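Order as written gives the chain letters A, B, C and D; numbering starts at 1 within each chain.
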């Protein structure tokens, strides 16, 4: 099994998500990390590269794209793990150079930017994966398979939520680097909690149900005084088939750690998934007993292909992340995402930006119902 | 400890909630059930009375109110457990006769009816308890005490939901008596799921937080074809202090049994209560470890006075119901609800009707924000 | 439905279990409590009787047995809720008087005493219920039905445990009345934790599996200095069919409240019941997904007949206790326990004493294997 | 951070644990896998090496030890992932060649073999890690820190169990390779379930409590007809400080997946860890509320150093395994295990063999109490 030659932009010392991307790339041994522009600060870029034993370090991502594209042994794909405002320019540079892209979410800081990226990826015929991590969980995939197989019947209700408490206080003023950029509109874009975790919730619901809402009514709120972006979002959803739903995302939900939870109710049965207990999925028919489906005992091929160790040996967040990387490696090897509907791509990234834009529009309109797609 | 002389209207053979009221009245031995008009059908009334060994049976509640009021050993209080549309006329008859009232919720089928009842209870100076059962749980009371004591800080977010699946199918057309009257607007009023369980969710949130929303945006939906009332409600809430919230009630949530769950998040800590696991309450400070507070180990006097058996010996729904009855007995003995803020009364019943009215108004206005109180 | 005329011995003011027995007797309205000798202290007996509005109060249980037996409207059954050492003399007095007995466990303080009681009950042809409370849970009965129906296959392993922490400290020296008599061999008998909760664990395992061990190897330990009875028991079990098991009971298990838990594993499936979450039962086939069976959705008639309110409306310890009383009422009405195999009787009480005796014998023999039945 | 040059013996195609070891070695990027004798079948060894892109493949581990020891860029450490009977000869060959060892458990198939390995490792002054995977969980380390810090007080009771169901049927006769070697005494040694998972349970209890039992009374049982090793073990434990305990391990516990659970009770508090939910640890003081301690919010340095991602982002089995590898890498870099008491070593492997030997001895003696250490 050939390893994909990988580069990385962002993810220098002190960054959280860059290290996670590298673990994810490493776990299944489908990548070799060969080059990087780990920081926009050249000294930090060099030091970070040395610390992780990176073969080729660049000061500037544009130079990296140019040089790597010209080498016979240059990188085939780049992982973009910078603050949000740089996703689009960096992805553009690498796509232009013919290099596949694996990009963190949200895809960009505006819908226009996102749509341009999607068009460019199509034009250049490059793989463009967006790391909606939670879609990599085996039981999320099993849930999707259950919906597709009709085990739930027609879907009536979708309840999705993502609650954290780490922004309950104004930590962005207290030397918390993660908080600082995520609450700075110049770096994170106009959406705070909405972009950071609301998009995850939105995508998870779509991934499992196969449906995106046609309309939403929403309110984005900022609780912490002085904060420049929203830290709380609530929304009601309407689907084209008549289903209804609610979406809640908060970074000021005291006591919550990383509580992404999806519940889907159909005419025949309901299911529940909580990413904090990702080795179980609950399935309950109308009037019946709940079934606790565990990762690794499940036989749907979609879940099994995303599973590394047997039932009872818990897998977690890094494994889910690794699955997104493994799926991307498969697509990169084939040169196309056609045929791998399990990988979230630039199109899903654009859908996330449409959701962000719709929430901000509805919220500005005092919660009026607005179209989403 | 003197027992309160109690009568009952409704609750004949085959009724669900009447039997529960009787168990609740019996458990703590604070009542003697002496008289009843258990059914509007005289034969069924008599047979039902005989089956439970009721001393005095009446064919008609008006006659019962008149006769009992005139007896030296007549009932002091009446429990009303009929379909909703009869709550107001029956309560009126007994209040007029000077008899205290314990009434199931929703209080009435319109806000006007409810307000008239509240006025009458005040004018007659009678105790008027409304059986919001879930307020009788010791840990609900402990949660209320925690909020009052400031353990949560300022409240920012309220999430309350009540999900069931027993109306997922059109069972009202299939000889299910409970479903039949609850989905008949002539008997249940204009609100279906909204009145039946939405009001419970609304009241529980108020009971614990001490806050009612100032505005809401809502949508009531009917999923089951042919059903004449709503079976699903979703709402967003705004509170005067800037807090935000969501309320969801559904009787078509496949797989859910009786999932009433409240989460409250403040600036300092959050709490969670699920009535399906009523012997535990979760309390978590920002950034800290969750504490699983169990009934019976808790020392707040409000929780202890609602507790019968030690920690680890589960109490449940009947005990919560009994607590409402026990509290009402205490008030009846004193002839006033003044001073027992732990008992839900006709004022809470009216608040529930205001909520119902606001949801229907907002829903008719395509989810526009409307005032509640 | 006729009410059984009931008397009570023990259960005066400050007693825990007497009040629970009265709630249990009251809940389903199958009893009238008419007479009692609530305390061996005449003043306390009278005051306790007055406090609960008891019609007839006696200073002495022997007089009570004699007088009640002679009245046309005398009690039909007596509930015995005294410390253990009085169970046998009191039960003997009432049986001799032709009165049915409902007795707390352990049945007596020696196996000889217990066997004599069993013989007397047979000779007098009286109902003799022993309140193994936990057998009253609907899902315990459903578990029993599952085993009987062969859903587990042949049973291989039984794991039962009962852990508490309330005797972690020497509270018997600190004005804790419950602790004082339970740790006094003159009142509780030679077994402490073993008799108090070990017998519950032992009986629960038998009730569900239908099997009693043929041999056991055990060790009873006293952890708290100065304590006069055991506060911790561990045992290994051998069954006649080759099954193996373990039993653990402790009153010094720091942090545990009332953790009675049973797990049974067969050749086809396993089940788990935890009395602290008595509204659910876990059933898992070999290699399969766990099914969470909830009280009230279950269709086995044995579980349904012990159920009062629908699924999702939790029942608890008092309801389980009430079920034992309800079953006893049914037997008393018929004058026999023949045909109600769901009620635990004096024979089960004797089996508990055999278990106690075997554990003490094995423990004295350094854990040697000893025969049980 | 320099990577350790690693070799592997065993772990060819179709092996389960070899692939896990490789993921564990890869996750934290502390190793490069450079050489291997992946199978005793030369063709399979070569094919397996090619499939994973291994630089240097050997037909025979002896040759591998000799050649690698002679290369300047030869491996520094070898991972041994063969069936149990080969652990000792392979480890001996590499130790003799001066190469550090990372070996799966059980360490060997007899206590003599194990003690000889321990002596050789000391003589050669080589690191010898034994992969007791579950000691790598951050919350296991936090539990150990809690015990050391005295948060539990003096330990009174240890309850440890490890239950699986995958050997409920005679799968070893049905082309299940994992089952085949694990139930063949020639390959697995005289202990089946006892060696495979009983040793994990035993070691986990010691790791957290810091205590090994002084005596045990045990019974090993074989339930599946025709099976040549035990598939079920039960034991009672006595500790030198007077504590008592029970250990249960079963591979025929229908419905259980990989249920390794430890409970420790002290004079002040108790704790509970279940490896199937490894992101939480329960801590409860006598008479108090349970605290749910979650990985990543915990501040003990021992837990934090074993943590990769923040609270709420679950880690699992592979991460725990990786931690053992990371700790071993740290020791190998220093050339000693002195000072890293968090790594389980050959001494722990020997202790496991002493436990196995004691259980078999007690079981042969009808459960007599035997000395362990």
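We adopt the following convention: a residue touches a chain if its C-beta (ideal position, glycine included) is under 8 Å from a C-beta of that chain, and two chains touch if they have at least 3 such contacts.
Keep in mind that what you see is a predicted model, and the values were worked out from it rather than measured.
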| item | value |
| --- | --- |
| For chain C and chain D, chains touching each | A, B |
| Remotest chain, chain B as reference, centres from CA atoms | D |
| Chain pair with the higher count of C-beta pairs in contact (A-D, A-C) | A-D |
| Centre distance in Å when chain A and chain C are each reduced to the mean of their C-alpha atoms | 55 |
| Geometric centre distance via CA averages, chain B-chain A, whole Å | 43 |
| CA centroid of chain A to CA centroid of chain D, Å | 35 |
| Sites on chain B at which at least two other chains make contact | 256, 287-288, 290, 294, 297 |
| Footprint of chain D on chain B - complex, ascending | 287-294, 297 |
| Chain D-facing residues of chain C, complex | 152-153, 156-157, 159, 161, 165-166, 168-169, 217, 219, 221, 223, 232, 234, 236, 242, 244-246, 248, 250, 252-256, 263, 265-271, 282-288, 290, 366-367, 369 |
| Contact footprint of chain B on chain C as seen in their complex | 1, 3, 16, 19-20, 22-23, 26-29, 51-53, 164, 256-259, 275-279, 294, 296-297, 308-319 |
